[in-house]
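Next come two complexes, and both contain subunit A; in the first it sits with subunit B, in the second with subunit C.
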Partner chain A sequence: MYTYLSKLCNVDANGKFNEVYLNEFIQSIQGMARIEEGGTDFLRIVVLKDNLYNVVEKLLKIKDVYLRTMVSSDERTINGFFKLYYIFGIDTLSKSVIVEVPLTENDLIVPTLVNLVKAVDWYEREAHDLMGIKFAGRNQYRFVLPDDWPTDVYPLRKDYAIQDLMKLYTPKVIERAKEVEAEAVTIIPIGPYHPALHEPEYFELYVRGEKIVDVRYVGFMVHRGIEKLGESMKYNQVPFLAERICGICGFVHSTSYCQAVEQALQIDVPERAQYIRSIVLELERLHSHLLWLGVAFHLLGYDTGFMHSWRIREQVMILAELLTGSRKTYGINIVGGVRRDIDEDKIRKSLEVLKNVEKEFKTFIDIAVSVPQVKARLKGTGILPKSEAHALSLVGPTVRGSGIPRDIRKDYPYAAYRYIHFDVAVQDECDNMARALVRIDEIFESIDILRQLLDKLPKGAIAVESWDPEPHRIGIGSVEAPRGEVIHMVITGIYSPYRWRVRAPTYQNLPAVPIMLREIELADAPITIASIDPCFSCTDRALIINIKTGKIEGVPLYVLSRKKLEAVR
Partner chain B sequence: MVQFLKILPISAKIGTVTVMYPYDRPLVTESFRGAIEVDPDKCIGCGACTRICPPKALSFIQEGETLILRYFVGRCIFCGMCADTCPEKAIKITKEFELASDQIYELYSDVQHSLSICRKCGKKFVTRKLMNKVKNLVKELPEELLELCPNCRRIESLLRTTTTR
Partner chain C sequence: MELTTILAIFLSISLYIFIPPILDGIERKIKANIQTRYGPSTIFQTWYDILKLMSKELIISTEVRYLILPLSISITLTLFLAIVVSFYVASTKSLLLPYYSYAALFLVTMISIHALHLLLYISSANLFSIIGTFRIISIDVANEVSFATFLVLTMVSRYVNSSASLSLFILSFIPLLIAVYVSSRRLPYDLHEAEPELASGSIIELSGPILGLYIYNHLLEKYLLTSIPVALIMLMFELNVGNQSIHLLFLHIFAAIIYMVFSIVSTILGRSRIDLAFKTLILIYSLAIIIWIGVYIFEQTL
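Up next is the complex of A and B:
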């Protein structure tokens, strides 16, 4: 076991401290857990549910440990068990620790970890809804599935094929359509959330005067069952489905999925393909951050900034189309490589565009952040303390704005990031301005990364010729998306993934929003919600409940924000 | 000058960037992937594209003795996996993107194939074109075996091997 550990702990000097702790941790769990060979990228520990709490408590003593994701899986057809995989990351060691808990069908009650790891809250509720796992010691209510979903039907269990589920569940709205004799028409609900958008969110803000007292979040209104759908698709069809999880940063999902399958099956991706993936990922970050800045300015009432930001962004969109064939949902990822090559002519054009974008953005952003209203609205609002950011296992610019340098590109290098130099943008102020500045710095950093990648692009193939699936292997793929870490886990099957788990950054970051909102002024709510970079359009409407009068009113968010703008003027 | 007013000369210099669509310059680059076009002469109806198509925009429909390869552009995600997969290079990726219509049938395009019928049981099993392709590729296959569906062929070849002994 120790030879295995030394292989695992092969890290640089700043990891020394943790190495000792990891060894200590392994020793401290003797007799409570079994260590399994899991490759060099992760350490796999099998724990019985009675020891789970103790093992995780010991694991958390290691510095910089955070919960990356939790996966529930129905493996009765493979080994007779239901399984929970708690995936923790140790940033400074660049290693993941998978705590695996097997459960028998007639005893699906697991002790909750909510008191230990705050971030596990949503994961437990989701596992309860979709897989029927019960967590002892916490209250449990329906979270992901709609209210009219039949009880005791757990859709992610292998008992149900997609066709079965479609027969089992008819949404209430169809019944209502029949009542008004409109069953043959398309139903478009328009309400506090919009079904066409990918991350609908609904916040209830409880206010006293202009101060926010408390916040309640309701989500999962358009749970689409993508994981289940992916399990019925072929390996090379899933990247296209994965790309459609997010309309703004889809490429991170297809890359994560491909990397997970590649890790599980030990497929050696050609270096040129890794470079092309990184190039497209950075382009995506560029356009996403420019989009975010534009919308943030719009929310603050600085529409000039919005227009200019999006004008600069347009060049990036056209460049992305030139390199991949599509403005968005690039569709060039497949397991084992990419589908479109970048030639000399395209490299030349890219460098031209980057030069122009850098120049224009530099001039523009210096002006934009000097606008008094913008400064006044961003500084000191939406405070997210470092301790909370750490406790909630947050990711992306949200955590980096609170002084924690967590960046998957550096911590768990993938694609071509190990071949280039870059700095992780961190700000210590913990407010909305800090999160905005992190993104501004990252735009310049991305341009620099792109130049290095285009310059160093190695020769060779862009995809492996062929590969063979081998069932029941585990792989993790993670990517630093513009919004934070995206992580996919795949358990391989014969023709399709046996289990495919997706965790997007907003899932991890949303629980931080109530903390940021508490005790701030109502008018600062829109930019604060937006500061984690969720999908804006979905958050466009809010419900205000006045505690004094009990009056409830629905208003578009930007109107809320404009009121304060007038005041600052 | 106050710093934030510096945006004014920039705006004045750049002017209007909105393109006068559709009268102005083309909107897409040379790499753009739009709707696909299936060449009915080249297509042999093997079905490789229907199996790879992620959104199932390409599908087979059997009507009597005809097998229809149907392309529904309403489901197409313009990934071009079909063109990559097609063994006959019969699928071309066009730059067409103005595809909206108020008539749903305009979103479908069909390629028709006649099916070969099993000499023994009468089952329709494979397109004639694919059959001819196989005939040319595998010369040593006896003609009478080719005209049987996979099931009858298995029985027939088994009978042959046993009777020749």
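Up next is the complex of A and C:
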């Protein structure tokens, strides 16, 4: 075990402190847990549920440990258990610690960890809704599933295929539609929408005068069941589904998924493919940050800033089209590499565009952040203390704006980031301005990273020729998305992922919003909510339910919009 | 009164009626140019927008029904003020009353128009509208007191001995222009109805022809406000540039220029928070008054 640990803990001076504590932690949980050798990047600890609290309590004594994600899994067909995987990260060691808790079907009650790890709150509620795990010592109420979802039907259990679930769930709207004798009903959720929030999400702000005294948040208006859907698809179909999780930074999801599968199956991805992935990831960060800056300026009434930011962004979109064939949703990721190469001519053109973007952005942003109203509204508003950022295991520019240099590209290097040099943008002010400045710095840093990647792009293949799936292996893929860490966990199956867990950065960052909103002015609420760059449910879809046949089909909103447009012409 | 004077006044009133939406169209083109986009296809776009709103079906909720009265009185008062300003500028040589009486009339009418708007806003049962109304009241209270103060100081500077009058005039006229800018509800002082958390603030309940009327009234008021300082200068300095028609032409040209300058300023600014907007205004006006008094005392002791 200790030989394994010494191999595992090949760290620099900053990590020495934690290395010692990790060893002490391993010793202290003797008799309470079993250490299992995982991949080279993570340590697996199997604990019985009665020891879970004590083990995690000891683990949290290691400096800067944070909860990366939690996964519930129905593995009854593999080993007869339900399992919970608590995945913790130790940034300074570039290692993850997976705490694995097996549960028998007859006893699905686990002690809650909410008192130890604030960030576990939503994960526990989600595991309760989707997998039927109960957490002792906390209030449990329906969180993800709709109110009219049948009781005792846990959709992520292997008892149900997607088709079964569609038969089991009959939305109340059908009964209501029958009452009004409507033959077909289109559900358009006009509910928790607001001009300051471009997606369905509900924040209840309690104000006294113009001061916000408290906040209540209700989320999960749109749950698309993507994880379940992925389990019924072949390995190489899933990247295309994963990319549709987000309309702004979808490539991070397909990359995370591919990396998770590649890690689980130990697929050696060609270096050129890793470079191409990194190039596209940085392009995505560029356009996403420029998009955010535009929206932020718009919310501050500085529409000139909004227009110029999006004008500059347009060049990045054209560049993305040049390199991948698409402005967005690039679709070039496959397990084992990428589908599209970059030639010398494209490299030359890319460098020209980057030079122009850098020059124009510098001129623009120097003026924009000097506008008195912009400065006055960003500085000192939406304060997120460092302690809260740490306690909630926050990620991305949200945590970096509170002085914690957490960046997956540095902490858990993936793709081609291990071959290049870059600085992690950090600000200590903890306010909206700090988060904006982090993104501004990252734009310049991304341009620099792109130059290095394009310059060093190695020769060779862009994908492995073939690979074979091996079931029941665990892989973790994480990517530093523009909004923060995206993490996918895959348990492999024979033809498809057995369990695919997706955790987007907004999931991790949203609990911080009520903290930021308290005691601020009402007028600062939109920019404060926007400061985490939330991405609630990026590709919202309407459901058309045919009452006669009971058939449910997803229809993109733009199709409905076009139909309406044709109708009014 | 000569026929040419009457014709000139009639022409000026016509300009007051037709120019504001066109100026708004030009403002939109200027903004678009600064923001590197095309903007509306023509400078008449605001007129088209208003006419389109006017042609829409009239839908009024029961809460909004009573808002028509203050809105129509406000439009009447705005047009009345346009007539008075035109008459005032056209008759500089034969005014019936001393010019400060006209200044007082301008001030009272403008404040009345704003008070009617507040009545319009506060009558709404909509919470967003009420929040917007309280914001606008706080800014109006700060601004209109200062508007009156600097109007008086501008006139006082006319009677101070000649060596000091110009500097004092400038020191009172610039804050007066700021007060006019704030009264026109441009950025960053449009937060009563433009902050995203309020959806659309004070005018949230208005739609169709009523919204069209409100927008037209607001544009008319904006232009009229801009022309008042120009009219005052023309009279105070007894500007004599030929006949009345030329006087009125100058009035509209200078008012349009100031309007455009305002539009450029508003394009390069962001929106203040309510407390920041209020604090900044109070600070600017307090400093301006202190400086004015300081310069006055300094000039008198020389």
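What we mean here is this: the second predicted complex is superposed on the first by the 525 of 569 C-alpha atoms of A that agree within 3 Å, B and C clash if a C-alpha of one lies under 4 Å from a C-alpha of the other, contacts with A are read in each partner's own complex, and residues count from 1 in each chain.
The rule is short, and it goes like this: a residue touches a chain if its C-beta (ideal position, glycine included) is under 8 Å from a C-beta of that chain, and two chains touch if they have at least 3 such contacts.
Every value quoted in this text rests on a predicted model; they were computed, and no experiment measured them.
J.: For A:323, using the defined touch cut-off, is the partner it touches subunit B, subunit C, both, or neither? Pick first, second, both or neither.
T.: Only subunit B; A:323 stays clear of subunit C.
J.: Now for A:377: first (subunit B), second (subunit C), both, or neither, which partner does it touch?
T.: Touch partner of A:377: subunit C, not subunit B.
J.: Using the touch definition from the top, say if A:236 reaches subunit B (first), subunit C (second), both or neither.
T.: First partner only, subunit B.
J.: Looking at the overlay, what does A:158 touch: subunit B (first), subunit C (second), both, or neither?
T.: Neither partner.
J.: Classify the contacts of A:223 with the two partner chains as first (subunit B alone), second (subunit C alone), both, or neither.
T.: Neither partner.
J.: Is A:308 touching anything from subunit B or subunit C once the two structures are fitted on A? First, second, both or neither.
T.: Touch partners of A:308: subunit B and subunit C.
J.: Does the superposition put A:138 against subunit B (first), subunit C (second), both, or neither?
T.: In the superposed model, A:138 contacts neither subunit B nor subunit C.
J.: Which subunit A residues are contacted by subunit C in one complex and by subunit B in the other?
T.: Comparing the two interfaces on subunit A, one with subunit B and one with subunit C, the shared residues are 304-305, 308, 311, 371-372.
J.: For the complex, give me every residue of subunit C touching subunit A.
T.: Counting only subunit C, the residues touching subunit A are 31, 34-37, 131, 135, 187-188, 190-191, 194-197, 199-200, 267-276.
J.: Considering only the defined contacts, which subunit A positions touch subunit C in the complex?
T.: 194-196, 210, 297, 299-305, 307-308, 311, 371-374, 376-377, 521-526
J.: Can you list the residues on subunit B that touch subunit A in the complex?
T.: Checking each residue of subunit B against subunit A gives 3-4, 6-7, 10-11, 14, 17, 28-33, 51-55, 77-81, 84.
J.: For a test of understanding, state which residues of subunit A touch subunit B in their complex under the given definition.
T.: 233-234, 236-237, 240-241, 244, 304-305, 308, 311, 314, 318, 321-326, 329, 331, 339-340, 363-364, 366-368, 370-372
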